[in-house]
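Both complexes below contain chain A, partnered by chain B and then by chain C.
Up next, the complex of A and B:
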């Protein structure tokens, strides 16, 4: 029994940054990298299933990216994942979420997991489509924004609760294997133990090429993607205004604005 | 590896690690070529220089070294970093004058920085023509009255003069004569800020007594210099915020307190319930108040007699019972009863209460609620064997309680050096119960913040040794 967890190393930004000269992205020096927040929850959900199961379950994390991504994969290994796979080829640069889904599906076909988990979205790009495109390439059932999961390893179906608008939950029975995109708050992600971190440092990360999963450079990259980033920029400032004056005056103005919005 | 017993060895070790954060921690004790090596390690890559210029824990000596940077993005972050030291702010201002085309936004950041030397603030106040920079100086709490006075003259004809006066009225450095100057022709908000200023002269207080504006009255009524007659008049104010402020005035007479005990506004009665000069009759009235927040404030009040606490400990609202358990004068007999309360939030208050004796802690240690057990972990009367058991709790809050417990001994704390939560390991670096060798064990910690704090601790320890 195997669960494949797709994770991403995301970039975070401070308030001051510079855009690259070609306008395609933020200048590399201003980016800080970390594991995508949603993926912490996906991994934890997989670990919960592994730890509460009577049958042997292997949790495999997979990520697509250059060498620096190893740091995030080691974080997952430190939290208890059994194996880590990193797929990279320079041809992957410029791939959109759909092309990334194609690569993840190819990895899934090779690994033959019983379930695939991914985060609902990545905090840096927020397309929220990688998990779903993976399911499409696999031709597997999928469910997005999963806030609760009841799944017995080996079972042909799982019961999930999906988070909808207005605080509603939708309970769905889904055939397995399936791809689920996991929502924040579904569990309480653990911190890696020091022993786990030390052990993870010694564990190998499987480096996989496109050829290893039956793809070529022609299947990925900007040319094979359905969308391409034209430019990134900071839009002109909107209607925001600083509230000036003494503290009491600022408070009074805030109350006035709130009342205006409330129609009072 | 042994613990370095001198700064030179510690610095050499830091260089050997190649760790940017460790380098930052030891930078201030490094000299000569070692210091240069550390700086090339820290600033060699632009992303590290940018990170250190922004990081809230970057030591002042590192920010000082960075202030020679010609990278505009680094300079911007230094201008914004509240830890950037005074000398570095001087460098940054000089660079602005000499090297770069003068940037208005950077000057404004320098003008509002609390470590900017007064000589530079004075220079900006006298010679800069950017209104925003001048306004920023007027907001800076480290500015002195002389600079504010210079600004007063320059800003008088500015369209932002009103805003400037508001900043001056709120600035702790403003003197009473300046406050008097801006009071008379200002709007109500500025007058209110003047009245609430610590340096507000008595003459203005006396003047403000006749001010009808409610915004001014709200600030005026907390002033201890108000006469009984004025307070008696303000107690009758239609504005509940004014009455609320009167209720917290320490000069309030017994008669006026009696009046406010029956005020229509819950907020006013809550304020009264927290006073230290309540009479038995006041307390009797407030203990039956319909608003449970009033009863809660009364239950927290240390002047409340035992009989009243007993009655409040039976209150239907858990918040009131919890307040009784938190009262520093709550008798042990009552704590014993409240330790069995059905509400875990009440039991938690008993667990946190430092008066709770050892035998009570033994019972509460059997509780399953995380808040109760966090209280047990924090309590100085909890036996060591219980604390040792709590260090294995899966709940981080409970384990943190043990770390925060001043009575936790070294053997109790040692297992927590392996705690999965980095913040706990970081907190242990400052523990007076752990030995140096225990802390040195964390020098290779996987978390960069822990490594930084460990090396910083050893730098400070070496400095103390040198001073002694």
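Up next, the complex of A and C:
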């Protein structure tokens, strides 16, 4: 029994950041990296199944990215994942969510898990499509924005609740193996203590190349992606302004603005 | 003149040989029960983990004897109880020595070597001393009974603050019964001893070697005269004596047999606890050995033998509970309850021949004898309990060790968890960018040196609150101006400085602490400087006391010490005197942790302020509530905060103008508490630096006027 959890190391912006000269992204120096928040929940969901199960369950985390991603994988290992896989090749640079899904699907084919979990989205790019494209390449059933999961390891199906708009939930029975994208709040992710992370350094992280999963450089990268980033920029400031003065002055100014807006 | 050989203690006179044999048999049985009890206790301690406190045994022993002889720790904050205990202690020790000397002569030296010394003047002097000792013992015990019965001291109420009425271990009434049984049996031994002595005198009133010397046992003689006055004859006294003799002998032997099984064992455990006292307890928390997989205390067998010994030393005096800021505001924590819970747990689990299963040794949880997680998280690690404990129980290290286990299991407030993650990610508890650590320097009219790139005399470790909190930044800027004005050659670590880790460690996140400490140590070691200064007592404590364990041995001062020297040395010239009526709040980490009580007070005097102390000052200072990571845990709504409690204490000082602090966290906590507890407009809260600042004339310096 095996659960594959796809995770991503996301970037957060430091204050006063600068954009790269070619406009493609933020200057690397101004990025702080951490595990994607959604992935804390999908890993926790896998760990919960593992810990409450009578049968042996292997939780494998997989991520696509350069060396720095090891730090985030180690955090997953500290939280109890059994193995970690990191796929990287310089050719992967520039891949969009669909191309990443292709790689993840290739890893899943090799690992043959009973379930694949991914976060609903990543907090930095927010495409919300990596998990679903993985399912598409695998041609597996999939469910997005899973807020509750009833799954007995080894059974042929699972009952899930999906979060819809307007506070609605949709209960779905899904055949396994399946790809689920997990929503925030489905559980309470555990804390990875620093000692745990340090001890996890002893667990190996398998470094996997494209060839190892049966892909070539031509399958990935900007050229094999369906979308490309043209430029990144900070939009011009809005027109918000603070109104100073006494309450009466503020009210007068507010009336003036409303009248101007109405064209009076 | 009587033959001095005949002036001696009457022992088994008129006893049948069988009776003497019976008495010896009972005596040996009592000793056997005592020894078995001691064995069980020692076996219990040996089930704890090792502890390296065996060094300097002689030195420790002398210290212990001094503490016990002077009763120094017992008279603190409870003079009468301490003195009464002194009488009981002295009485017991002298009577014990007296009885032992009789045994030494009668059972050992005389039968084996024919040596006899228990007669004549020696005997008489001893008799007098023992009579007075017995009197002291009884007086002491009577006071203790009076105290328990009529003083209604809250600290002698053993009802638990972490349990509800109706819980099986809520009222702890068995302790009260034990206390009374102890007092009554002890006083009965003393009283029957005197009556016995008196009946012997009446019985042998015809024998000059006894009767002529009766005044050498004045209490007995007085009673004998009373007995005679009410018509007791020599024969009557003789028969009364034999009954009393057995009664006195039997309760005394029972008392001895019971020592290891009851609170009487504190005779030994408190002494041993004092002997193995760690002078740095809580100030320097224990490291987790590199090879150890788990962190902190999960089971009772994770405690060291020294911890287990400390548990047994507790005499439930309640001084810790009285001093505890968490307890004062109704949090579910009494340091005494934690100690007693663990003691009961240890006695239950570790006294049997076989150790119970691992699962039954878990000290965390909601069951009887287990310690609640809410209790552990209530602790402010202010060290008030450790500091006041008369028998050197070290509560805080145990609490932190238990928290380490909670942290590993992720059982903590979500906000605290978030803060720890933030500190890991950004190196500071504010979640600010590293780059912004020294942003406060930008408003200064001069450049501050970068200690990483050029040698400085003084390396200033700023700390998180002083660096990032907007209110504290003003103080930090003032201190920079002050150093600049005084011509001190100083520098900062800029963005390389990380949270010092003092509070992270006290939360129990040891891995994160190790990361922070080793990073800071590496950064500091790469700089060229003579000494470190900081305005933050928390950073001060961990750098001073804990970094050495990680290879960082640095000279460090709190700013109050340094400023005092600068003023006294004339580098800082005070242009005016302040005439404020002020009170001073000792920060835990400067005061109790590092004994820095005097420097801030001396500076206040140099500034001309009139210092009025609050009731709780210096070693008894009352924590602001921010310690031990509690600044990152919200206090429950509807309960009083320790800082508000402190404001009330300051509020009763007539004409108080300024509540002076010397810690960034204190400034934050108390300025907030001032507003919420309704003292705003009555007095103000200021950092000592701000008062000094008022007295210095700067060339370019906009004055912040002090308004009351």
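The rule is simple: the second predicted complex is superposed on the first by the 236 of 264 C-alpha atoms of A that agree within 3 Å, B and C clash if a C-alpha of one lies under 4 Å from a C-alpha of the other, contacts with A are read in each partner's own complex, and residues count from 1 in each chain.
Keep this in mind: contacts are C-beta pairs under 8 Å (C-beta built on N, C-alpha and C of every residue); 3 or more make two chains touch, one makes a residue touch a chain.
All figures in this text were calculated on a predicted structure; none of them were measured in a lab.
J.: Could you tell me if A:25 is touching chain B, chain C, both of them or neither one (first, second, both, neither)?
T.: neither
J.: Kindly classify A:34 by the partners it touches after superposition: chain B alone (first), chain C alone (second), both, or neither?
T.: second
J.: Looking at A:199 after the superposition, I want to know if it touches chain B, chain C, both of them or none. Which is it: first, second, both, neither?
T.: Once the two structures are laid over each other on A, A:199 reaches chain C alone.
J.: By the touch definition at the top of the document, which applies to A:191: first (chain B), second (chain C), both, or neither?
T.: Touch status of A:191: both partners.
J.: Comparing chain C with chain B, which touches more residues belonging to chain A?
T.: Looking at chain A, the partner in contact with more of its residues is B.
J.: Applying the touch criterion given at the start, work out whether A:171 contacts chain B, chain C, both or neither, answering first, second, both or neither.
T.: The answer is neither, since A:171 touches no partner chain.
J.: Once the structures are superposed on A, label A:16 by its partner contacts, choosing first (chain B), second (chain C), both or neither.
T.: both
J.: Intersection of chain A residues contacting chain B with those contacting chain C?
T.: Touching chain B in the first complex and chain C in the second, residues 14, 16, 32, 190-191, 193-198 of chain A appear in both lists.
J.: Once bound in the complex, which stretches of chain A touch chain B?
T.: Against chain B, chain A makes touches at 14, 16, 18, 28-32, 190-198, 244-249, 252.
J.: Given the complex with chain A, which residues does chain B contribute to the contact?
T.: Result: residues 45-47, 50-51, 54, 73, 76-77, 80, 163, 166, 169-170, 189-190, 192-193, 215, 218-219, 396, 418, 420-422, 445-446 of chain B touch chain A.
J.: Residues of chain A touching chain C in their complex?
T.: These residues of chain A touch chain C: 14-16, 32, 34, 190-191, 193-199.
J.: For chain C, which residues count as touching chain A in their complex?
T.: Residue positions touching the partner: 288, 293, 295, 407-408, 410, 412, 417, 420-421, 424-426, 432-433, 435-436, 509-512, 514-515.
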